[in-house]
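Single-structure report; data block below.
Labels run A, B, C, D and E following the written order; every chain starts at residue 1.
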Amino acid sequence: MRPIDDSPLTRDGKVLILAYDHGLEHGPVDFEAVPESADPEHVFEVATHPAVTSLAVQKGVAEAYYPDYAEDVTLLAKLNGTSNLWMGEPDSAVNWSVEYADEIGADSIGFTLYGGSNHEIEMAEEFRDAHEAARERDMPVVMWSYPRGQGLKNDKKPGTIAYAARQALELGADVAKVKYPGSPEAMEEVVEMAGRTKVIMSGGSKTSDREFLETVKAAMDAGASGLAVGRNVFQRENPEAILDGLEEIIFEESSVETALAATEQ
Amino acid sequence: MRPIDDSPLTRDGKVLILAYDHGLEHGPVDFEAVPESADPEHVFEVATHPAVTSLAVQKGVAEAYYPDYAEDVTLLAKLNGTSNLWMGEPDSAVNWSVEYADEIGADSIGFTLYGGSNHEIEMAEEFRDAHEAARERDMPVVMWSYPRGQGLKNDKKPGTIAYAARQALELGADVAKVKYPGSPEAMEEVVEMAGRTKVIMSGGSKTSDREFLETVKAAMDAGASGLAVGRNVFQRENPEAILDGLEEIIFEESSVETALAATEQ
Amino acid sequence: MRPIDDSPLTRDGKVLILAYDHGLEHGPVDFEAVPESADPEHVFEVATHPAVTSLAVQKGVAEAYYPDYAEDVTLLAKLNGTSNLWMGEPDSAVNWSVEYADEIGADSIGFTLYGGSNHEIEMAEEFRDAHEAARERDMPVVMWSYPRGQGLKNDKKPGTIAYAARQALELGADVAKVKYPGSPEAMEEVVEMAGRTKVIMSGGSKTSDREFLETVKAAMDAGASGLAVGRNVFQRENPEAILDGLEEIIFEESSVETALAATEQ
Amino acid sequence: MRPIDDSPLTRDGKVLILAYDHGLEHGPVDFEAVPESADPEHVFEVATHPAVTSLAVQKGVAEAYYPDYAEDVTLLAKLNGTSNLWMGEPDSAVNWSVEYADEIGADSIGFTLYGGSNHEIEMAEEFRDAHEAARERDMPVVMWSYPRGQGLKNDKKPGTIAYAARQALELGADVAKVKYPGSPEAMEEVVEMAGRTKVIMSGGSKTSDREFLETVKAAMDAGASGLAVGRNVFQRENPEAILDGLEEIIFEESSVETALAATEQ
Amino acid sequence: MRPIDDSPLTRDGKVLILAYDHGLEHGPVDFEAVPESADPEHVFEVATHPAVTSLAVQKGVAEAYYPDYAEDVTLLAKLNGTSNLWMGEPDSAVNWSVEYADEIGADSIGFTLYGGSNHEIEMAEEFRDAHEAARERDMPVVMWSYPRGQGLKNDKKPGTIAYAARQALELGADVAKVKYPGSPEAMEEVVEMAGRTKVIMSGGSKTSDREFLETVKAAMDAGASGLAVGRNVFQRENPEAILDGLEEIIFEESSVETALAATEQ
């Protein structure tokens, strides 16, 4: 019932998701640094890098571009998402049925849960439906587990992130995407709380190569199973270079120095 | 899966939608300038002009008049819409199922999304259902992508319109109908954000022939794929003349002067 | 798809609906003037008058009484309605499925839309479902199109009533029941806005024979297709007499004087 | 379609429902006077009295006890109900599907409508679904028609109770359970408004034998078809005695004195 | 229809549920005392103790771990639950369909009802659906019946807990899990109100061995059918020992002294 191990979403049990739903979630502003990143073709090309185990996009981008890359890219259907034009308590529209995601060729699904939001219950029930529909199709389920909302004073506390990882386990996610909780010790706690659910850290805002790779290394050493990254790849002029570095750290268990050297080759 | 290219909604990849749902959205006031425009027969006659690739109407108008024009007019089913008698945060009723639109003979569907409204999530989920039902029937999907609501201070900012075009791409529209963002440069940005989703500008309030044609020309030069127009056609005494001019600009890539000459023939 | 012309709801293209859902909408107070009017048997008897093309009732009254009159009365199933015990923004419960209305023997359906209410969207979507279910069964659709709610300062303005008639057309009603807008000129505008949707005026509160017949005559002369009447019939001691008069005006195109003479025969 | 006459819910056209959902609606407090009344076995035994035409209980009580009494008791499935732990505008949960009620062996269904509540519309639509599902199974429908809510200043006014009875008729109930409106004249008006829907009075809080039987007699003389009684039976030490008295009044048309004598045998 | 007696949820008519959904309901904090308790494997091992008649977990934990323990552990699917990150009136998400719980191998289902919450009605209707789906599969139903919400001043009053037990009976639970009401007399009242629904006490926060076993003994003597326990087992260094003691009290009807001796063997 947990189809994660046989899925191309993993490589040797590790995961590197290239996330590209920023056009919906944040709008054009995220593409300003590297204008060609607005073009899905550019990002699908990047996703052909062997380090990328899946590309996460919304339905419209998948429909329009994935058929051209079906041989070279593994598709993760990001089912929900919403613009930030909208104000109010965190929530997210389910833009894509699992049935149609499967038809388009998605291998796995992704779903955001804003634990702590006044809409948590509704989102959890939408997650249930998506999860069970995915199970019928042997599609792994990745939860973007992001506590957020008026009930939360601080959504970056280690304890909150550990709780988020546990929610992912309890509700049935194969993979939990969480924020890095700030220290290796805190990440260990997060991983422990997730049990058999794999934990991957989210890339966050763009940082320097060294800083970014060091954080990923620390997460992996603390037991994480990989990374979901967007801006830290596509907001770089040379996204392939940073993917070379990430491949060293995530799949080769290399040091940060080795990974940095790989980015410069 | 993207059925747009083979559809009569396009002619040489370009689109000219005659929109006629003002009776629902604005009421009788929009027909005052040219009283015969209240009569759907009059507008169906106008829609037989070869420049018009589809006529967009609500269900009741389609049911009552389209059968008489099925040979000469291509029908776009505008699925949602609401009166302006109603006050409150922008929202729109889904007045027509895709199944029934198909039965009546519609070739494609149209759907309004008010990004930024407190009802954005609900509207996006209604759009999802309509979109996936349309895909089953190979009906192209046009999104009226109109950011609007209490979360938006200014819905005509170029960045907001570019975001609206991106939402249309991300959510699965084949064509995004957006407001003209005020300059060719801004329109280029809008088109870029829409990727493989065609962008068409909405006609807006009635202006002079020259002003209107110049704006359409600017939009086309900036990469737009056409126009959705209502009042700028049916509020004219001679709607065929302006359609002659639009045909020059949209399908013949003519200059504004040539188009103006065509309107006077 | 528009089954109105072959339906017994019309006689020579004209409509006279006897409406009898006041027990739900207003309660016992509407029966005080003529106590026997509380008895559905009495009103079904009245509805056997040849001028009446349909009797509009709620589900429970239809179930309990229509079987005894199935040969002599044509049934219009008034699908929604609510008590006035309830306070708040106008809304109406859907008390009857189209499927069951068909099973009971209804020939057509009736549905109230409160355009301008904060519940307009929800009501329009309920109307959509009822409309499309009726189309599957070739049952004509009558909309009680009554703008009402906090968004409306004046629901009796001619422009508002014209808008209401247009909503009925746009949303798919075969017949629009609207209030008389106060003058023949305004009624002409209403009829024009309704296009191929027939417009019938609602009878309203009880008035004198002459006043009532003059208003109906004015409406017919302005292009209306008939009348839906309740209190102006059943609150009269001799309802057959006024129906004789209405038959003259609606079906025989007689003058008010002739009609008044008919009421006195 | 109105299956009431052939149903064991009636005996010679009269109805005596023993209602026993107080454990849900009011909680343990209603069983304090006669502790054994908390035990459903005790009340099912009482319901084997020949005067009782049906026993009304919630789903859980029916499931657990009715199988032992299927030969001797006729089951009315009270579909909705809620605790009084909850505060707010009157509403009621639908705890039981008609399908499952039929499977358990129920002969008829019961449903509360709080006319005048801000939830009236939602409750009426839930009633619709239950009513139509019951019709498919030829199960009679009893409405507990209880106006209540912020829109009502006085829910015991005769006019309000008459309106409640009319609602039951208009919405499709075979039997309307209403409060006694205070006088025989008012009860006559209630019965008149209900048309072919049978009116039964609800027993209310416990009173003396004489007072209770006099009220029931007055209601019957005014045209009521019976009674739904709970506390006035199960809060008595000898519930069979009062049922003997009720049998005299309801089914034998006896005087109050005869009925009182029967209670003392 | 009441499948409880033949189910492995009971042993000689008694119930001991090991509840382990604290990771969702309370988060990592509940695992701090005994860190290995965060690991579901540890708790599944504990659940192989013969005193445990079922282990109650959420969907994700069941999916990921139950297959390894299917021979040795009986699974109770806890269908709803929510994090405490969220604020507001008590409510709970339905995270698991009965269909899928059955597929995973669950023997019975568990469902929380917050009687007295402003969401009571919605929760009761969700319970209805789960209950009837469970009946189709002969799966016993356990209700976590916990009055809570703004309508309740004191949710630990004996009368409130007795009402909670009655709600469980009325709505169709086979087993009601309630808080211990503080005294044997109060517990007797609770058991009486539950009728044929078995009452089990919830373990609550961790206490000393003696205190805990004395309370359980008192509950059993007052007619309870067992216990649902979480923290009082898994927050102990030696959970098997306390289970040995509970086995004595619940299944062997032993004294507290005998049970304490068993915990020390």
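Following the convention adopted for this analysis, a residue touches a chain if its C-beta (ideal position, glycine included) is under 8 Å from a C-beta of that chain, and two chains touch if they have at least 3 such contacts.
Remember, it's a predicted structure, so these values are computed and weren't measured experimentally.
*Asks:* Strictly by the touch rule at the top, which chains does subunit A share as contacts with subunit D?
*Replies:* Per touch definition, common to subunit A and subunit D: E.
*Asks:* Same or different: do the copies subunit C and subunit D touch each other through matching residue numbers, with over half of them shared?
*Replies:* Mostly different residues.
*Asks:* Considering subunit A as a copy of subunit B, what rotation angle in degrees (nearest 5) results from a C-alpha superposition of the former onto the latter?
*Replies:* Fitting subunit A to subunit B on C-alpha positions yields an angle of 70 degrees.
*Asks:* Measuring centre to centre with CA averages, how many angstrom lie between subunit C and subunit E?
*Replies:* 58
*Asks:* How many angstrom lie between the CA centroids of subunit A and subunit E, rounded to a whole number?
*Replies:* 36
*Asks:* Among the residues of subunit B, which are close enough to touch at least two other chains?
*Replies:* Not one residue of subunit B touches more than one other chain, so the list is empty.
*Asks:* So how do the chains connect up here, line, ring, star, complete, or something else (other)?
*Replies:* Per interface graph, the chains form a ring.
*Asks:* If you go round the ring from subunit B to subunit C and onward, which chains do you meet, in order?
*Replies:* Sequence of chains in the ring starting at subunit B, next subunit C: B, C, D, E, A.
*Asks:* Considering only the defined contacts, which subunit B positions touch subunit A in the complex?
*Replies:* 1-2, 115-118, 120-122, 124-125, 127-128, 131-132, 135, 147, 149-152, 159-160, 162-163, 166-173, 189, 192-193, 195-197
*Asks:* Along subunit A, where are the residues that touch subunit B in the complex?
*Replies:* Contact set of subunit A toward subunit B: 21, 23-24, 27-29, 31, 35, 38-40, 58-61, 63-65, 67, 81-83, 85-88, 91-97, 99-100, 104.
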